[in-house]
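Right after this note come the structures.
The same chain A turns up in both complexes below, where it pairs with chain B and then with chain C.
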Partner chain A sequence: MRDILGHSLNFQYELLLPEIIIAITATLVVGADAFRNELRLGRRILPWLSVIGLVAALVVSLLWIDTQRNFARLITIDNYTTFFRVLFTATAIVVIVGSHEYVERHIGHIGEFYALILLSTVGAIYMAAARDLLTAYVAIEVLSFSLYVAVSLARNDPRSGEAALKYTLLGGVASAMLLYGLSLLYGVAGSTQYTEISGALAAGTGGMTLPLILGLVLIVAGLGFKASAVPFHMYTPDAYEGAPLPITAYISATSKAAVLALFLRWFSGPLLPALPDWQWMVALIAVLTMGLGNLVALQQRNIKRLLAYSSIGQVGYMLMAITTVSVVSASALLLHIGGYLVTNLAVFMAVIAFYNRTGTEEISGFRGLAQTNPYLALVITAGMFSLGGMPLLAGFLTKFILFTAAADGGFLWLATFAVIMSTVSLYYYLQVIKQMYLYQPDGDARRWRLSPTGYLTTAVLLAGTVVLGVYATPLYTLADRATRVLFV
Partner chain B sequence: MESIGIIVAFWALAVTTVGAALGVLVSRNLLHAIFFLITSFLGMAGLFITLSADFIAAAQVLIYAGAISVLLVFAMMLTPLASRDNANSLYLAPGALAGLGLAAIVGFVAVDTPWAELAGSTLAERSFPDTVRTIGAQLIGRYVLAFELASVLLLFALIGAVVLVHDRAAERGAAAAAEEAGTGPREEAT
Partner chain C sequence: MGMEQVWLLPAIPAGIFVVIALFSRILPRGGDWLAILGLITVTVLGVLVLIDFQGSFTGGHFDAHGNNVFAFDWIRVADDFFAIEFSTFVDAIAVTMIVVVSIVALMVMVYSVGYMHGEARYGWYFALLSFFTAAMLTLVVSGNMILLYLAWEGVGLASYLLIGFYWERRTAAEAAKKAFITTRIGDVGLLIGIILLWRATGSFDIQTIIEAARAGAIGETYLTVSMILLFAGAAGKSAQFPLHVWLPDAMEGPTPVSALIHAATMVVAGVYLVARFSPVYAEVLIARDVVLYIGLLTALMAATMGLVESDIKRVLAYSTVSQLGFMFVALGVGSVTAAMFHLFTHAFFKSLLFLGSGSVIHATEQQTVEQLGGLRRKLPLTATTFTIGSLALAGVPIFAGFFSKDEILLETLKGAPLAAYVALAFTAALTALYTTRLVVLTFFGEPRNRHAHEHAHEAPTSMAGPLVLLAALATVAGFVALDGVGKALGFAGGFGELVFLEEGHHFKLDPAVAFGATAASLVAIALGWAYWSGAAERAARARRWAPELHALLVNRYYLDNLYQAAIDRVVLGLARVVAWFDKRIINETGVDGGAQTIGYFGLRLKFLQTGRIPNYALAMAVGLAAIALLAFGTQ
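Our next item is the complex of A and B:
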């Protein structure tokens, strides 16, 4: 089959195998949940099934290392796609393994919870893999819709429904803005294919600069909302606070990484010829995001809200890499995303384990954790220090490389601002650490243990945080290989 | 847009669509707002027809003017207090100002730009007999992936809708009944 321009199209469905596996697993999970009584399945079958599907997808996606193929000119299978396939499936596995106890206690619809995580992983992967605006848009919607519902799944928590409603309404507006921006881009470039757009923009827009700029404004605003960049971040703290903890972890990890992956794919490819038109927008948003995210985080009392604002600040750093788009800053961005995911998930998995035991989300509730559970206090401390950028942990190295890349890219003032804000962020991370180490436990001072899966996930992520901080070369090499394909 | 008929049709439909959309905002009664919305949808369908997009026009009438508006009416009638005033006017002035500003920007960009559109003889050469066949072939041919992805999305949107409106009290009651009968799976021991 050929498309309208005469390009031959291949429909090699095996290229989509990882996502097909995940989608089938998602429907199986819903089915197994629906017929659990009839089939006499144990309650652990659903997380097991999900993890098996995800592991299979992860292994299969390794088949296409160093290949450069596409499916019907809609999806690219290259190293960039493979990088994010592995990253997103691994994130989903960690979230599912680390939270199944929480899910049994606090989630109203267990089957749907796992199915939605699986499905949103498919959306996230296609956001990184798409090479056509419409496919990318459908992928964004797959991710967003799954998360709208997932946010509302907390049982007996009125904040959950409120969070879902805010997230859905504002998310719908953001999607509409994005779609309108994309339609303007289509009007200017005459195609929805990334390669055609980049060619058309490079050849000059022929007096159509205004719609291009308007389109870019709308695209940046729409994507900025999905990444919760300031000033489109208003929903983030409420959505984070109301959502069940594993979903908060998942949103702060996969959803952000997927939007950044899409950002990089668009702004290093089809939109690169329009660099002068969008560079200032992204730089402006990056500054606002870093500044406001970190400053407002200083006043938070709830750990979820603290992590929400901290993740907003992190998005600011990542947008900095988009501003100075180049091979160096792109691989620095991927490295930082990898480090951020590991660190952030370590903190969240520890907070989930903490919540399973104590049922509190207040930062003051962490009082004396160093006495009641020194291991968990250590994990949270390492994670917080890494997020704040202390040496010998993942956060320091990835931030260092990211800031250096931004400074080398001609945005020294942006990098300087990032360093200042990074120092500010240490204050609020230290607040949590102070509660754990300097105060006596409030009530029950007995020692307690985590569940086996709690130990497993936190230990793996803690190891990852430390190892990446000392020896990040392998991940950096992978990120470099993944981003080479973007700039051809 | 050459022939006078198309131009008249465009302006008539545009006035209908925009006027009805304004009516949605202005009307205090929700039911009136819904009827204005349907009118706006129909005007939009007419605009699609002037663009020779017959399939999209038909889909617009069937789905938006038909199914969704019926759904809205049902939702309104089944919701207590739905007939109360539908808005507060606290942000009327800033909202109107922002809306007008946005409309001015978008309008200016749309009018000012020399769009690469087909016109004159190149437009006359293209024949648009019907678009249904082409759209159908593209959907399950060229864009089969987006189609499949959208179908998965719709499936889970459906499940999500059920989850959101699921009566949790009823579920708890059922679970308690099942537990009494000794078949409660969610409550079994670790």
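Our next item is the complex of A and C:
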């Protein structure tokens, strides 16, 4: 089949099989939830159904390792896509397994909860896989809309609705910016296809410099919002705080990573020829993001807000890799994203387990956790130290390579600033660790245990944090293979 | 199992360490059987590696550089952008070390079952021994400076933990600290040396560095400094002057630990390191002379101190320091063969002596020679094996030490000034003298402490077995140097071939040197016997004859006092200044001030977060406008 311009189009639907599986699973989950009473299904069926679908999708996506094909010139199936397919489905599995107890207690619409996670995973994957601006935009919105709703799902928490409203309204503003930027880019390049945009920009834009720059500004702003880069981050702490904890974990993991994946795909591909026009912009928001995220985190009293600002700071480091876009920094970024997901999820899963027991989100509530649950305190400590970049944990090695790549790419000042901010970040991570180890527990000092799934998820993620910190070469090799398809 | 799988050797005890450390309370007998089983496996596998290595003997010598390196990338970013590879390297030196380490470690572990019976932390003890073995084996098979350094610090940590095993005892805790800090001083030199060599060659791979150095790719002064710094690390680990002070104190650890770590294995890590880099030392003769004269000075000094020491284990410690000096002398004249050979034989007879002294201590709970005496009737087995070890140490013919010490003397005569040879030969005679003193005072004469003597009892089987085996080795280990024996044992080209890097070196006795050394030893033994076997009163006459000299020796040349004074005056004085600077400038102004400033920014910025949607949207709009203005402004 050919399109209107005569390009032959490839409609091999099996290339989309993983996402089709996930989407069908989502439908089944909603259906099963709706007819649960008629079908006499237990509540537990929903998370396990979701996990089965995700595992199937993960396995199927491995079929296309080392292939490079596209679907109708809209979606690319290459190693980069496969990397993020695996990463995002795995993240969704971890979040679902680690949070089913929380969901039963605190979520009003269980079916929707799982379905939205599944659908947003599809959106996240296509953000990494798109090879056309409009497809990418639709993918962004699939992810965003799912999350707008998911944020509002916390039953009995008035902050949830408020957070969802803020997120939706401001997200709409950001989408408008992004869409406007994309249309300017289309006007300059004459196409929405990445390859053709790249060609057009490389050939020179003639008198179109101003529209191009305005377009780039709008794109950076729009994507900056989605990645919660400063000054487009304002919604983040409120949304994180109001959202149900598993959704907060999910946003901080998949949503962040998906935006960075898209960022990298665009800025190492179609937008690479315009490097001089956008490089300083990204550097600027990277500096602001690192600085503000880490500084304000110092003042937080609520663990969710602390992690929100911490994740803003982390995005600053990742944007640094976009600034110095190169083969090295691209694979360093993917490695860092992988390490960050593992570490961050370890912390969040531990916090969820903690919340299930105590029902508090205050940092002071962690007092004496080392006595009441030393294992959980260990997981949080390892995760916090890893986020702060302590050696022998994932955060150190991935950050080290990321910063080295930035310094090597000519942005020594940016890397220096990142190191300083990394040091600052240790202060607030240590605040939490201090509460756990140096203080006596308030009130009930009995030992308690996690649920089996709580042990499972935290143990796997803890092991991942340690292993990546000691021996990251396997993941790096995968990241390297994934980014070989960029820059062409 | 061959050279490719040599990583298994350290991996097995490492795994066992983890298991015992975690589960020693659940495991029957604290898991000692697991540690011993692991070591038996390692010994067997080590022999297989040796056999496989023998297979690479072609065309008259070993394939020392070819395909023996098996690497995996620990981290590799964008090809060579940033890469650290861990590799194992097996050559003759490594094979010798593997054999020594695994056999002695096995003997010591079996012995410990009896010696440490009923101790608190029994399982933890075996976990630590496994950890040490893992680190030591990593050290000797490492083909890469980073891995070598990690293992180097690993054995240091194991040594620290084992010296301080009885940490409830203040002296043990102090000794552990002293050992750790003193060796760390040398380690700083090693680390700087590694960095310098990396800077010059861009590589951490040992063979690459050696080849670059030999090809003249590194400036001579630069290389000299680097090699002296490496030797500083070696001198710390191998207790050479001026960093030898920790080893006698390290005797606070359990005696089997002294046998394993502070006699046979860890302390020879420095010898191993210099031997490993011997082709480079051959390029920079100044650095090699440093090795030679430090070794010589240490050998002589330690031997004289051993002469007046009264603690049985500390005499052996001085003897170890002195014998390590012998090995460095051999390296200093460029004879890796002699050094490795002495390392090989010394490991057996010195661990035998330590285990024997452990048996004495176990039986009498005394360890000063003034309290012992006449034990040969009570502890016949210990006395016999200890005497065999002593004969080996004294260099009496047919015992192992004779062959290797003779080799070192011969090489020194050939490769160093005559004065050095004379000094070393004199030291060898002194060795025989203090060894005789130790044996005579411990096992012969009349018991000086009746009570201890009466309660003495011979060691249990688990302790006796290793003593007998090691005594056998201390007797025959020297024979391997003889070509015929070496070849009969399956060493292609004999043992001399095995430990020499470049070309075959065939052992042969030089009659003059051998005869001279033997005569000196026998005279010293006779003198010692005549002097110490009689009444204690006669022995004390030496003190009156030269009280200053005696005081000098007893006080260990006042070096410990000197160091303590230096620490008290200079280091602590400097520390006070630094502490003031740290407290006022760094902490109160810098850190607290910085933290307050940063916290203040955080506090101010926090209030940007109003919670109101219009404000958020305004921030986005302002941000967008600002970036756009900047963009157009720069156009």
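We adopt the following convention: the second predicted complex is superposed on the first by the 486 of 488 C-alpha atoms of A that agree within 3 Å, B and C clash if a C-alpha of one lies under 4 Å from a C-alpha of the other, contacts with A are read in each partner's own complex, and residues count from 1 in each chain.
The definition used in the following text is that a contact is a pair of C-beta atoms (placed from the backbone, for glycine too) under 8 Å apart; a residue touches a chain by one contact, two chains touch by 3 or more.
If you're wondering where the values come from, they're calculated on a predicted model, not measured in any experiment.
By the touch criterion defined above, A:L214 lies against chain B and chain C together after alignment on the C-alpha atoms of chain A. Once the two complexes are overlaid on the shared chain, A:S152 sits against chain B while remaining clear of chain C.
Of the two partner chains, chain C is the only one that A:A297 touches; chain B does not reach it.
In the superposition on chain A, contact of A:L119 is made with chain B only, not with chain C.
Once chain A of one complex is fitted onto chain A of the other, the partner contacts of A:M281 are limited to chain C, with no touch recorded for chain B. Judged by the touch definition given at the top, the superposed model places A:S61 against neither chain B nor chain C. Contact with chain C, but none with chain B, is seen for A:L397 once the two complexes are overlaid on the shared chain. Common to the chain B-facing and chain C-facing surfaces of chain A are residues 210, 214. The touching residues of chain B, counted against chain A in their complex, run 105-106, 108-110, 112-116, 141-146, 149-150, 152-153, 155-157, 159-160, 163-164, 166, 168, 171, 178, 183, 185-186, 188. Taken together, the chain A residues at the contact with chain B in this complex read 1, 3, 9, 11, 16, 23, 26-27, 30, 36-37, 41-43, 71-72, 74-75, 104, 108-110, 112, 115-116, 119, 122, 126, 132, 134-135, 138-139, 141-142, 145-146, 148-149, 152-153, 155, 164, 184, 187, 190, 206-208, 210-211, 214.
Chain C contributes residues 72-78, 81-82, 595, 598-599, 601-603, 605-606, 608-609, 611, 613, 615-617, 619-620, 622-624, 627-628, 630-632, 634-635 to its touches with chain A in the complex.
Of all residues in chain A, those touching chain C in their complex are 165-166, 169-170, 173-174, 177, 209-210, 213-214, 216-218, 220-221, 225, 230-232, 234-235, 237-238, 277, 280-281, 284-285, 292, 295-299, 327-328, 331-332, 397, 401, 404-405, 408, 424, 427, 471-473, 476, 480.
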